[in-house]
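Each chain carries a letter (A, B, C, D, E and F) given by its place in the written order, and its residues are counted from 1.
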Amino acid sequence: MRPSGRTPDQLREVTITRNYTKHAEGSVLVAFGDTKVICNATVEENVPRFLKGAGKGWVTAEYGMLPRSTGERMAREASRGKQGGRTLEIQRLIGRSLRAAVDLTKLGERTIYVDCDVIQADGGTRTASITGAMVAVIDALQTLQQKKLLATDPLLHFVAAVSVGVYQGVPVLDLDYAEDSNAQTDMNVVMNEEGGLIEVQGTAEDTAFTRQEMNQMLDLAEAGIQQLIACQRDALAGVFMP
Amino acid sequence: MRPSGRTPDQLREVTITRNYTKHAEGSVLVAFGDTKVICNATVEENVPRFLKGAGKGWVTAEYGMLPRSTGERMAREASRGKQGGRTLEIQRLIGRSLRAAVDLTKLGERTIYVDCDVIQADGGTRTASITGAMVAVIDALQTLQQKKLLATDPLLHFVAAVSVGVYQGVPVLDLDYAEDSNAQTDMNVVMNEEGGLIEVQGTAEDTAFTRQEMNQMLDLAEAGIQQLIACQRDALAGVFMP
Amino acid sequence: MRPSGRTPDQLREVTITRNYTKHAEGSVLVAFGDTKVICNATVEENVPRFLKGAGKGWVTAEYGMLPRSTGERMAREASRGKQGGRTLEIQRLIGRSLRAAVDLTKLGERTIYVDCDVIQADGGTRTASITGAMVAVIDALQTLQQKKLLATDPLLHFVAAVSVGVYQGVPVLDLDYAEDSNAQTDMNVVMNEEGGLIEVQGTAEDTAFTRQEMNQMLDLAEAGIQQLIACQRDALAGVFMP
Amino acid sequence: MRPSGRTPDQLREVTITRNYTKHAEGSVLVAFGDTKVICNATVEENVPRFLKGAGKGWVTAEYGMLPRSTGERMAREASRGKQGGRTLEIQRLIGRSLRAAVDLTKLGERTIYVDCDVIQADGGTRTASITGAMVAVIDALQTLQQKKLLATDPLLHFVAAVSVGVYQGVPVLDLDYAEDSNAQTDMNVVMNEEGGLIEVQGTAEDTAFTRQEMNQMLDLAEAGIQQLIACQRDALAGVFMP
Amino acid sequence: MRPSGRTPDQLREVTITRNYTKHAEGSVLVAFGDTKVICNATVEENVPRFLKGAGKGWVTAEYGMLPRSTGERMAREASRGKQGGRTLEIQRLIGRSLRAAVDLTKLGERTIYVDCDVIQADGGTRTASITGAMVAVIDALQTLQQKKLLATDPLLHFVAAVSVGVYQGVPVLDLDYAEDSNAQTDMNVVMNEEGGLIEVQGTAEDTAFTRQEMNQMLDLAEAGIQQLIACQRDALAGVFMP
Amino acid sequence: MRPSGRTPDQLREVTITRNYTKHAEGSVLVAFGDTKVICNATVEENVPRFLKGAGKGWVTAEYGMLPRSTGERMAREASRGKQGGRTLEIQRLIGRSLRAAVDLTKLGERTIYVDCDVIQADGGTRTASITGAMVAVIDALQTLQQKKLLATDPLLHFVAAVSVGVYQGVPVLDLDYAEDSNAQTDMNVVMNEEGGLIEVQGTAEDTAFTRQEMNQMLDLAEAGIQQLIACQRDALAGVFMP
C-alpha cells in the first residue's frame, strides 16, 4: 500500500491559487499535497541575444528551493555561489515544457521568465512547477492581451506534468517523498492536452525497468495529466477559454 | 499625507502566522502590510569553526528575495553566482539582532540558522524579517525544550524591528515602498522589549537629518516596536510565556 | 532519407579502442561515426563524504567538450569559470548509467571517476560516452582484480546507450548532428544487456510525440543497444568474459 | 581609563597627507593614530548603466585591507574570489557618505571611484576612510576644475566620520582596536560641516544601549567630526576654500 | 644516463599529425614521445575589445589538460571553477610565442584562437603545444588564403619550442617527466627559424645555475629547435612553403 | 638616451624601509624609483596540505596592485572575483625566488606568507617585490630566532631581482614604465649573492633577441643584482649578518 493510503492511480490533492503575489504578470501557488511551489511569470520586452532580430519570443525558467523547504536544511545556492546540477536540470526541463505550450512567433520579441520557488517539498517539485507555471504563463499572456500587445493568443495548448514510478513493485502515480525516496523507478512525464508527449524522463533508481512497466507508468501519467489540466482549467474558469 | 492614508505613527497591518511550512523547527510567515517574508528557523547540532569547543552556540541568518517579489524582476542571486552587498548587509543585521535575544551559552553547542525569504516586497523587508524571525527562533527554542535538549530557556527577551523615516518633512513609522523610495531619511531600529537599543541604522537619502528629527524617529520606533512585540506575544499565546 | 544514407535502424560505424592513453586504469577512445570521445576511468581509494563508513563505493562521471570539438568554437568552461547546465545534466546521466552496471558494495570503499572528453562532436556524444565509459570502467575493475584488491567482480552487467529520434516523420536510430539538429523528437536510451531500461529521456523538439512513436523509438534503441554491447564485448575479447 | 590614556572626548592624532601617490586625481594617506588608509580618487568619463543619459554623475567607493594590515593575517579577498560581507557593507557606506558631499548634477556625466586601502588597521578604518577620501575627492574635483571641465564646483560641503562607543560603561570617541574589540556599543557617525547627520550606525555588541547613551555618543561624535573637518581644511589650506 | 637511454642532445620521437579533427581551421595532434597534445586553431571574424578599430588581428591561446592525462588524476578546472596559475601562465606563453610568428596587421581584424589540450602528459607539454600549434596556425592561415580573405601571407617565420635542463649535472634536451621531476634546472626556450630568441624561461629547481650551464642549455635548445622546425616543415610538405 | 637620463647600467634610486607596518613579522617598503611596494612577511605555524608531516616548511607569496597604482585605474581583483593571469604568474615567481633563499628543512613545519602590494607602479614591480620581500623574510626569520623557535638560521643566501631589456637597440638595466612599454625585449633576472641564477624570464616584445643581446642583458643584471644585495645588507645593517 502507498504510505499516504492513496490508490495507485490517485493524485494528491491539487490546488492552484492564482494572483498569489501582487507584482508578477502571472503568479500562482501550486500545491500537489504538501509540495508547494510559487510560480511567478514575468514579461520583459527583450529577448536573449541568440534571438535578437529573429521576430520571435522566448520562454525560460528558473527554479529554486528555499533552504528549509526540505526535511534537512540545504545550503542556499546564492550563498554557495552556484546553482547545482539538479537545479539546472530542472529549470531547463521547465523551460522546454512551457515553450512547447507557446507559439513563440505570436509572442513577439519578448521573454517570459518563469520563477518556480519551492517553499515546501514533499516529492514532485518539478512536475508541480510545470503544472503551476503553465497557469502563470497563461495569466501573463492574458495580461499582454488585455494591454493589446498581442494580435493573437500565443497559447498552443495546455501542458501539465506528473511523476510516476514503480514503488514496491507497483506502478503508482504522483509520488510523494516517502515513495520517491524508495522507488525502484522514477519517471517524469510532460504532456499536452491532446495527449502528445513533451518530455519523458525515466530513471531506474535501483533495478532496471521493463517496457511493460514503462507502458503502465505512461498510462498512469496520461490519466493523471488529464486531471491536472482539468485543475488548471478550473483555476482559470471565467478568465480564459481558448 | 501618507500614500496609504495612515497617520505618521501608525504601523501597517501586521500578521504573524506560525507553522507556515512543515519541516522547519520554527516557521513563520510575517506580513507588514503587503511585505511578506517566510522566516524559517533550523536547529543544527554543530557550531561554526570559530566556536568549536567554546561551549556556546550561534544564531545566524540568511536573506533572499524571490526574483519577482519586487515590481520589476531582479536577477536571481543563485544564478548570478553571488549575493549582493545589500543582501549580505541585511543578513548580517538580522543575525546580530537575533543573537541579542538569545543567551548563546544556554543554547549549547548548536546553531540556529534563520532563513528569511521575501515572497512579496513593499518596503521594510529587513525589519519584517527580524520581527518574524524572532518568533521562528522562539518556536525553535521551544522545540529544543520539548525534546529536553535544553536545561534552561536561552531566550533573553523579545526583539523586534521597524523602519522610520522622514517623508515630505514629517517623521513617519513603518514606511511602505511608496514612502521609502521618496524618503529624505530612512532609519531601521531594532530594540528589545525593555526598550534597549540593539541596532540603529539611519541614512540620509537626500538631505542630512537633524538630531531633533533623529529623536522624533526614535520615539516613533520605540512605540512601534512595543506594538510589534505585542503582536509577537499574541502569535505565541498559549504556547510560551517567559 | 537520412543525410548519411543509413537505413532507419542502422548505427553509425562504432569503434572502441582500449588503452588509448597510458596513465588511466581504464582508457577508451570511442567513436560513433565522427563523434569521438576519450573515456578515462580512474580508481581512487576514497569515497565521497556522504558514503564515508558505509562500506560501499561510488562511480561518478565528468564530461567536457574540447572548445573546437564542434562546428563553431565554444567557450572553454574552465575559462568561463563554470560548467553549463547541459554539461552537468550529461555528466549526471553518465554517472547514474554506470552505477547501474556496478555492485557498489562489491567495489568496496573506493571511487571510480570517469572522465568523458569529447574531441570531435557529430551528435550523440552522451550515448557514445556511456558506451565507451562502460568499457573503461570494466578495464578499471580488471586492474583492481589483477591487483587482488577485489574479492569478487563488481560488474553486474554491460550497459550501453544510444539516441533515437523522429526525423522527417520517420523513427531513426543513432542520430548524427545533421539529423539531431532537425529532429522533431530526440530520445536517449540507456539499457543493460538483459534489455532492462536504465534511463529514457525523450524530448519533443518541435512537435509532441505519440505513444506509438515512442514505442517505435524504443524498439530501435533496444536493437541498437544489443549491437553496441556486442561491440563492447568484441573490444574486450580475450580479456574478460563474465 | 582608556588603554591609550586618552580622555573620553579625545581623538587620536590625525594626519592627512595629500598627493600620496602620483597617478590618482586625488591621493591621500590618512592616519587616525595607527590606523592608516590610502584613499585614491579616480575620475572616469563615464557613468554606471543606470545613470546613462541622466545628465548627472556618480561617486562610488571600494574598500580593501592588505592581508597583513591586521594582527593576524587575513586571507586576500582577490585570492578567495570574493569580497566579504563586511567589505561590501563598508564600501557601500563610504560611497553613500561621499555622494552626500557632492552635487552629482554639477559633476556631469562622470564617475569618481574612490579606493580606500587599509595598510595598517587599529580600529576605525571605515571612518578614517571616509574622512581621508573626502579630501581625495576634493582634490579630484579641483583637478577637474583646473582642466576647465566643470562649470561650477560640485562640492556641497565637507563630510567626515568618526566612531564612538561605550567602553567600560563610558561613552568614548574614536575607538582604537583595544577598545573596539571590547566595547559594549559601537557606533559610526557621518556628518557634514553644518552638523547634519548623514549616517548613524549603532550596534549593541554585548548589551543594549539606552537613548541617553546614544545621545552622549552623538554629542561626542559631533564635536569629533568638527575637529576632523578642521584637519581636512588644514590639509587643503591654500588650495581650496569654498 | 637519461632514463630513456637518449643522448643529452637527443629529442624524443616527434610526430605532427595534421587534420586531426574535422571542424577546426587547423587541427594538429603533436607528440613529443609520450606527451600528446591536440592543437586546434579557430579563426573568428572579430578582435578583442582593446584592438577594435586598430586595423590588426590577434592570436591567443588556451591550454588545458584532461584530468587523467597525468599519473594521478587532477581535478577538472571547469569543475573547480577556475583555471590554475600554471594553466594561465602556460597559455599566456603559448599566445605570446605564436604572435611572434604572425604579422598581425596582415592578418586583418580577426582572431586566431588556439586550443592546446593535453591528452597524455610526459613532460614538455608547453613546448609541444607551441610546436604543434604553430602548424595548426599555419593551416588556419592557409584556409584564410584559400578563401581569398588575405591579401598576403601573415606568417613571419616558423616558431618552435623545446625544454632543456640540467639533469644529474648534465645539460640535456627535451626532458621527459622522469627527468623533469628530478632536474636541478628547467628551461623552456622558444625560437624562430632564424635562430632569434622569442622566450627564455629558466628556473632553478634545486640549486642555482651558472652562466656556463645556461649557455650549454641554450646551445642544446638551438639545435633542438632547428630539428623541430624541420619536423614542422615535413608535416606541411606539399602544402605550404614560404 | 634613456627617458630618465640614466646610463644603460644605472639602477634607479633604491630604498628599503624596514618595519613599515607594525603587525607583520617582517614589513618592508621597497622603492625602485617611483615603483613602491609594501612587502609583508607573516609566519604561521602550519604548512600546506602537501607538506603535512614532511618535517619541512614553506615560503609562498601573494601579489596585488592597488587599483590606482597605475596611470589608469585597473579593476580591483577582489571585486572582479578572481586574480588575473599576470598576478598569478608574478606571485608564483616571487614564491619560487624566495624559496631558493631559505632552507625549508631548517624552517620547520611553518609557512612564511609574503604579501607584495604595489602602491605605486612605474615598471619593475615584480623585481622590486622580490628584492624587498627578501628583507621582509629575513626579518621574519630573525623574529623566529629571537623567539628561540629555530635551532639554526634557515637563510641560505640573499636573493635579489632586476629587470633588463633592450631599449632602442641598447641593453639597459632596471627599466621604468616609459622604457618597459617600448622595449624590444624585456627580461627579469633573479640571482643569489654568489652569482647563481635562480630565474631568467626573457620575452621578445617586438623582435626576437640574439644570444649576444641576452649575454649583455645578463651582464647588466648580474652587476645590478650585486648592488641590490648591497642595498639589502645596508637596510639590515646592525641587525643581521650571516
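Structural remarks
Rule of thumb we're sticking to: a contact is a pair of C-beta atoms (placed from the backbone, for glycine too) under 8 Å apart; a residue touches a chain by one contact, two chains touch by 3 or more.
These numbers were taken from a predicted model, which means no experiment stands behind them.
Counted as hops between touching chains, the shortest connection from chain B to chain D is 1. Under the contact definition, chain B and chain F share the contacting chains D.
In terms of the stated touch criterion, chain A and chain B have no partners in common. Relative orientation of chain E and chain F, expressed as the C-alpha superposition rotation angle, is 180° to the nearest 5.
Over half of the residue numbers at the interface between copies chain D and chain F are found on both sides, making the touching surfaces mostly the same.
The centroid of the Cα atoms in chain A and the matching centroid in chain D are 51 Å apart.
Distance from the chain C centre to the chain E centre is 33 Å, each centre being the mean of its Cα atoms. Touching two or more other chains at once are residues 81-82 of chain B.
Starting from chain E and moving next to chain F, the ring of contacting chains follows the order E, F, D, B, A, C. For chain A in complex with chain B, the residues that touch the partner chain are 21-24, 27, 34, 36, 38, 40, 42, 44, 62, 64, 66-71, 73, 76-79, 81-83, 87, 113, 115, 117, 119-121. Those residues of chain B whose C-beta lies close enough to touch chain D in the complex are 82, 84-86, 88-89, 91-92, 96, 100, 187, 191-192, 194-204, 207-211, 214, 218.
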